[in-house]
Structures are given as C-alpha cells and as structure tokens.
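Note that the chains take the letters A, B and C in the order they are written out, and that residue 1 is the start of every chain.
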Amino acid sequence: MTQFFQTELRLRSLPAGYHLITDEIENAIPEIRAIQTGYLQVFIKHTSAALTINENADPTVRKDFRTFVDELIPENYPKFIHTYEGPDDMPAHIKASFFDSQLQIPITNGVLNMGIWQGIYLCEFRTHASSRQLVLTAFGELSS
Amino acid sequence: MTQFFQTELRLRSLPAGYHLITDEIENAIPEIRAIQTGYLQVFIKHTSAALTINENADPTVRKDFRTFVDELIPENYPKFIHTYEGPDDMPAHIKASFFDSQLQIPITNGVLNMGIWQGIYLCEFRTHASSRQLVLTAFGELSS
Amino acid sequence: MTQFFQTELRLRSLPAGYHLITDEIENAIPEIRAIQTGYLQVFIKHTSAALTINENADPTVRKDFRTFVDELIPENYPKFIHTYEGPDDMPAHIKASFFDSQLQIPITNGVLNMGIWQGIYLCEFRTHASSRQLVLTAFGELSS
C-alpha cells in the first residue's frame, strides 16, 4: 500500500549563508517513519534562496561555500541590469539556479537514506530575507 | 487512487537565452488538474540546453542570466578540445550541467505548487538550436 | 498496478574525472524493464562526488569538463579555511553542489527515456577517492 504525505514548512528567517536544516525537515514530516520504500521531496518556493545536500559536520565548509560563491557571482558585476531590488538580488537569482530548487531523497526503512556526512542546506542568498517556505512531499510504500 | 500521466512536448525552436515555458508545460499536460497530491516531472532530452526554475516577472533577470553565464563559461576558453561542433558547443554542455536536466514540482489541489514569482525556464545554450523535446510525467493521488 | 524497486550499488573506485555509468546503473536495477510508465531515481551518498546527465559519445567532452571546472573552482583558492582533508576537498564539496546529488529519469515502456546523446556521469572530484555508493529507486506502473 502506497501513500502520499504533504505539508508546508515555514523556516525562521535566516541570515545570508548556508544553514543545515535536516532536523527541521525531518521533524516537520514525521510520517516518513511509516514509509518502508519511497522518497521525500523538498521544494523551495523562492528564487533567491535554494537547497542543496552537502557536508553536515564542519561549519567551515559552509563558510567556505559563502566566501567562494560570493566571489564567483559578485554583487558588483557591472553588467547586471536587474538591480532595483538591491545589489544582492540578481546574484541571488543566479546562485539559486546553480544550486537546487528541489531535492529528492530516498527513504529506506523509515529513514532518509543519505550518507552519514550528508545534510540538507538552506542556501540563503539575500542579505535581508524574510522567512522561506518549503513544500515537503513524501511518498512510498508503507511498512506492513 | 493514484495515477501516472506521461506525454512528450516538442517546443518551438528558441534563440539562445532563457525562456519562460510554464504555460506551454501546463497546457501540454492538463491532467495535473485531476491530481490532489503529487508532482510533475519535467525532463529535457538534450545535453546543450537545460531547465531551471527562476524569476517569472522581469525579463531583465533572464537577460542578466545570459550576460553573466556567457562570460563565466566563455566560448573562447582556450583549453577546450571538443570544438568541432562549433565554439558554442562545449560551453553549452557545461552550462547544461550547472543548470538542470530535470525538475520535480509538487502538485497540490490540481495546480503546480510553486511560489508566485517562480516560473520554468528553458535555457537554450546553442546559437542555432533545433527544437527541444521534453518528457512530462505527472503522478499523484486523484481528487475524489 | 504500481511497484517500487530499490537497491544500492557500490561503484568501483574511479580516478578524479567524469565517468559514464549508464550501463552499470541499468544492469544493477534490471526491474526497470517491467515498468511501463515511471522513473528511476539515482542518489549518491557522498558530498565530494556528484551525478549529472551529459554527452555520452565523445570522451573529449568529459576531459573538457575536468579542465574547465578545475580551473573555475581551483584547489589553490587562497581563502578556503576547510583544508585539513587536503587541497582537493573543499573544491570537491563546491563542485558537488554545482552538479547533482540525485537524478530522476523518466521510464517509458521499460527503458530510460533519455535522449540518444545522454548518459549518466559519475563526477569524481577527489584525487584519491574510495568507491562510491548509490541508491537506485525505480517506481512505476507495471506493464500488463
């Protein structure tokens, strides 16, 4: 027997940077524990923030992400036309497309089947962002 | 009761750049209106064009994408070996992998559950591309 | 009638670079042949290697990927803090997020419905990596 579970999660406002949100996601959709085989989809309803899966242990990884990506896609790029929402807006859109707007994670025996060093990042690219809204959709075969 | 709907969509030929195709996709698979909870998958069958979700309102966003990404991954990069299909070919392959070959969008109550500023982009990276073929697969629990 | 098939695949150790693994994936989950309409999900359980779909014919494409991406996200970037696992570690994390940690490929009539020039790449970003573990999840409506 298969079943869908779907909910929306509003995160607290986060500063620009890369933030681990694995626990918040798992807590928001505890029904994944009932799924034997399936997956969880995480979707972000915004175009200036994004999701990705990366290293979950050392905070310097997330700092280095910020330093490098902010230099690769800089606010002061002189040819941007779309600047009226601020210098951080257009870089945020480009970063959002280089990272992910959705993740699909396998579920096996009631847990997210990720590697032990993997965590889910919320990548916040705006300097003064409001809170971000996610859609969580789990689907799978229920444990009997 | 769950159901699959799958179809292929051939887009018209588009010039190099970033193009909003949300309406064309929704029109090609109207069965999403019958789905209460599920998702739509959009898959592109090419390696020199891509998909992404980004800002759907201001065309300058899509212009800035082109300016910036063309400069980041330039045609005149001197170390490319794979050049016999033209100078735009190898940059197109790299851009295609930095963007997405597939999108998965949640469906809630018969509509794509995206943010109000989100739209689906076809990212055309070749200068003289032929038309592009998409596979659209919707799956979900039907409204009762 | 719908069904899930899920298995894990440990790849052989691969050198840094971009490697075609379409055949290995198809061989590891032959049940896709029983699926009329559905999809295969490929998930990598690591944060310093990644997946992508790109050109499957000319090996110079994969060489050019390596040359270009290694120069775009260089080992000698002077501001990286997370360096104690070696100079190739932090660039590997960033590359992993620019590429994909998971792919979702439509299945139609028992085969992966990709374009004829598309193949699945394992992108190995570490110089001396151990073998990599994938989770393969196929789901769909069975052929009657």
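Simple rule for what comes next: contacts are C-beta pairs under 8 Å (C-beta built on N, C-alpha and C of every residue); 3 or more make two chains touch, one makes a residue touch a chain.
What you see is a predicted model, and the numbers here were worked out from it, not measured in a lab.
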Copies subunit C and subunit B - interface residue numbers shared by over half, same or different: different
Between subunit A and its twin subunit C, rotation from the CA superposition, multiple of 5 degrees: 120
Mean-CA-position distance for subunit C and subunit B (Å): 20
Overlap residues in subunit C, where contacts from two or more other chains coincide: 2, 72, 98, 100, 104
Sites on subunit C touched by subunit A in the complex: 2, 4, 6, 41, 43, 45-47, 72-73, 77, 79-82, 90, 93-94, 96-98, 100-102, 104, 133, 135, 137
Footprint of subunit B on subunit C - complex, ascending: 2, 37-39, 52-55, 58, 60-61, 63-65, 67-69, 71-72, 98-100, 103-106, 108, 113-115, 117-118, 121, 140-141
